[in-house]
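Per-chain numbering from 1; labels A, B, C and D assigned in written order.
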């Protein structure tokens, strides 16, 4: 058999081969395509179904968030960050608030931190559930989507009750949280934890051992630990490659050091491992939520923050472990009420860069699987 | 190869497990759908929906003191408060109030800024209008408050 | 003329065999209408069952529980704008959906819904059926080519490769069943009772199962079962359904070969696809599941006689009960209609739906009553059992779709060529070996003695 | 690899909560780390090279930063073995090494920045380029800060490398050092117009190829582009 994966094979074939193997097809996948998760456009160079190369065209959803930030006060910009990674808006808000708190040199009181942890971890579950549903749908299994959305709905209901919005929550404020927990918050969260644990087993029953799922995901979209680090890939994608690195453990923020949880890692760095890592992460998040809701302290929910936020001149970079990876905010203050510069380090954007490496030589169906497994949100990629 | 995994594979146990899950869920009790216009969803008390200007229920006077805090808190600058100094009481009184819902992102900063609980984001979530102009709410519309849509067939 | 028409009632063969052109035409129309009806019901049932598996409700608005949804959809598709891409190969683009539908329905000529309920019976019926059903891929390839677009082209190429590879496995499984028609023994392991030349006639195959008192799925257990499983997998692949729905894989190829189709043309593809599903299910039922026979068809029980209603001295009480099942099922459906009509919301807006449901229940009950009339009952019960078996298959299709992810192209090929094909060959070999084992033993003995 | 990264060494220790209401209180509470040096007078601090100090904010509605105001935490010198080695090697190429609220950064000369980045990755195990970005200071002679945020998995340490360049100057691309720099640098180019030498494919990434200007520069108005684009492409007056 000819080794078509050898570099340069196709170039040679074009010169010496017959007309049959000299044909390459350029396929525009997106921006309107069912499984590019929004408006990603991937230009595929194909030989039959085999992918010879890809190019991502992004920016269709670019809203200039960083420019908006320069024209808003610190408080006003807070709701905008929810609109980047709109499936994990609570995490986005947390990162932004932590960055500005760092700049102001204040710290949220413990009760606020606990509420933040509960909501952020619930949001991580919600984000992973949405990922699982859409990823399974990309691979052709329709049903997990509905189960995960049903369970995610329960989380969104808690969000709605807590802060009044389901998706773009604007849950946290600089210095703490705006809202005290509502009556029955703890019971709702506990009920959810009890409700969702068996449901997670069901997702796994549908997929984990299913032979088609195994064939579609095992060995697909491989990325080694070295490559992953060089590509700056973070989050579950990095952990599935075997790097045990989670910012919640490595550099704890918002009192994460008080909670007992594990960082699941994969071995092979393929799509299946990423699936397992994310499912395990959902369970770990549940553990954190249960611990936090059991030990939530009393106290104020807002640190002493002036009404008009004017951080001293300086620049900070604060990053958190968002569901997609390291979400960082680099904020430069010039001492005025408006940030001089806000740079968002979006995990999806950086992770998406690894797509080309992961799908070269694979089939068209794998491109879809890999886009799914990277768990990108175009709102965050394009900002 | 061990015999048990081989047998499991031959008899497609993995596939049967999945089939079992989907089969079980056919029970009509598991249905999660809300039949929206027929069944109204339960909206949380804190829900941030369409804005409303509250009036004093006893006198019918507006609670707004035209302090302009909401307008200055709004990230989208979509609130315009017109005010006039009352020559009798020497107080500022709100005359006009426009709220451009079409640009609103329902962050709730205006309602948080309001010092008299006048401006409030209500639980009304049915926002659709036939034209963009209808989404620019004036004082009258804001004080009228929510108008839950009634569906008829 | 009237005599020509009524004379057919006395015959017990298909109109084709009876050489009755009129009834052949009627049967063609009935089959076409009936299959279209099944497709429409399937459309509703698929959406409903799929929805319930996915904790949804499915269509609820058009008619009670969305019962009229297929009609609403059909109307919508008829009135939709017909879009043809500017760069399309217009005649082929126009012809492809027509071809798919024509081919899908042509195969039904030989499908025996009952001992006398087929348009005709051919001595090469099975071959005809397989041949015609595999022509459907031509329409798909034409659609993909004529669309002049990347996604449809890839879809149609996938489809053609898939059809070619799965047809072989399918053929091997079918040959094994045909082989079984030649072994005359009765029961699961009935061997050594002589052989005859097998038959390719669809009716002949069912009659062979009748004569051998065994459905071929259980013959030479588990050989027949394995052959049936191979066919069951291959037939899902043949009809481009999950988990083998690569030609139209919506998450990869948008909609595959029918990406550029809309409105009526698109609905023709859907009609063709669902009709093909019914067609391959019919093949499976005919070959392995005893065709029109009821379960345990060889058990009759003590004989019983009811004047004017049951005068079959050769049949027993079990037969009587099974003959009443069709009417019973319809009564059950009618009961469901009434029950649900009572449970409908008492909103005045719901009144038309409630009335509709009552009316549907009345119609169902009426049909059930008609089915109790002895001549009708005797003639119709074959069809009932056949359709019931089709329904089971269609349910399986839905169930698979709700559960399984989609294979990748190379994996699909691997399953076809590396699993199904060798297993199919083995099954064929085993069928022959088991069926001819007495002769083989004799032959081996002879060889040994000659030594 | 960094399999067992434990939170043993925390580069960003939680700061003691301090009242930040009155400027007077802030002047005394300026010490974020234990080895704090005495707070300087506000005037002296204005002269000290506080890196992101714009002499005057651009034509934004913000009030100009009063020189006496920023009395919060101040940058502290950052001393470590690595810094000593680097300083020995590059001398004046390293202009400043400081920590600010516990975050370490160094300001280096643009001519040596690629060597330093290479060295940081190869010798000092900063194997992960977190982010590459820029900040625009239109009133400064060296208009742009270009930043690389680095993280080391083995050391669990995060640093920032900063360099200042003039308008039109190019920076050497970090793509050969970290592959991830590819898109990050393209974004910086897209948003600021800073050229990266040796970048394999330096073109716009988020904005369309025909876009005019670089939006995150301070002299780039939000409205001008919209007005022009709408007029040309839609043939109507912009509603903004």
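Quick note on the criterion: contacts are C-beta pairs under 8 Å (C-beta built on N, C-alpha and C of every residue); 3 or more make two chains touch, one makes a residue touch a chain.
Note that the structure is a prediction, hence the values are computed from the model and not measured.
Peer 1: Central chain, going by Cα centroids?
Peer 2: Nearest to the common C-alpha centre lies chain A.
Peer 1: Which two chains have the most C-beta pairs in contact?
Peer 2: So the chains sharing the most C-beta contacts are A-D.
Peer 1: Could you tell me which chain lies farthest from chain B when each chain's centre is the average position of its Cα atoms?
Peer 2: C
Peer 1: Taking each chain's centre as its mean C-alpha position, how far apart are chain A and chain C in Å?
Peer 2: The separation of the two C-alpha centroids amounts to 46 Å.
Peer 1: Could you state the distance in Å from the CA-based centre of chain B to that of chain D?
Peer 2: 39
Peer 1: Please tell me the distance, in whole Å, between the geometric centres of chain B and chain C computed from their C-alpha atoms.
Peer 2: The mean C-alpha positions of chain B and chain C differ by 50 Å.
Peer 1: Which integer distance in Å separates the CA centroid of chain A from that of chain D?
Peer 2: 24
Peer 1: I need the residues of chain C touching at least two other chains; which ones are they?
Peer 2: 53-56, 402-404
Peer 1: Please list all residues of chain D that touch 2 or more other chains.
Peer 2: Residues: none.
Peer 1: Specify, in ascending order, the residues of chain B that touch 2 or more different other chains.
Peer 2: Touching at least two other chains: 15, 18, 21-22, 32.
Peer 1: If I apply the definition of touch given earlier, which pairs of chains qualify?
Peer 2: A-B, A-C, A-D, B-C
Peer 1: Going by the contact rule at the top, pick out the chain B residues touching chain A in the complex.
Peer 2: Where chain B meets chain A, its residues are 9, 12-15, 17-18, 20-22, 32, 43-48, 73-75, 105-109, 112, 121.
Peer 1: In their shared complex, at which residues does chain C touch chain A?
Peer 2: 50, 53-56, 150-151, 154, 158, 242-243, 245-246, 249-254, 401-411
Peer 1: Under the touch definition given earlier, write down the residues of chain A that touch chain D in their complex.
Peer 2: Per the stated touch rule, the residues are 58-59, 62, 64, 66-67, 70-71, 102-107, 225-227, 229-233, 242-245, 249-253, 257, 303-306, 310-319, 326, 328, 330, 332-338, 340-341, 343, 345, 349-350, 352-353, 382-383.
Peer 1: So in the complex, the part of chain C that touches chain B is made up of which residues?
Peer 2: Going by the criterion above, the answer is residues 49, 52-57, 60, 345, 349, 399-400, 402-404.
Peer 1: Can you name the residues of chain A that touch chain C in the complex?
Peer 2: 25, 27-28, 33-35, 49, 136-143, 145-147, 150, 206-207, 210, 212-213, 215-216, 363-366, 368
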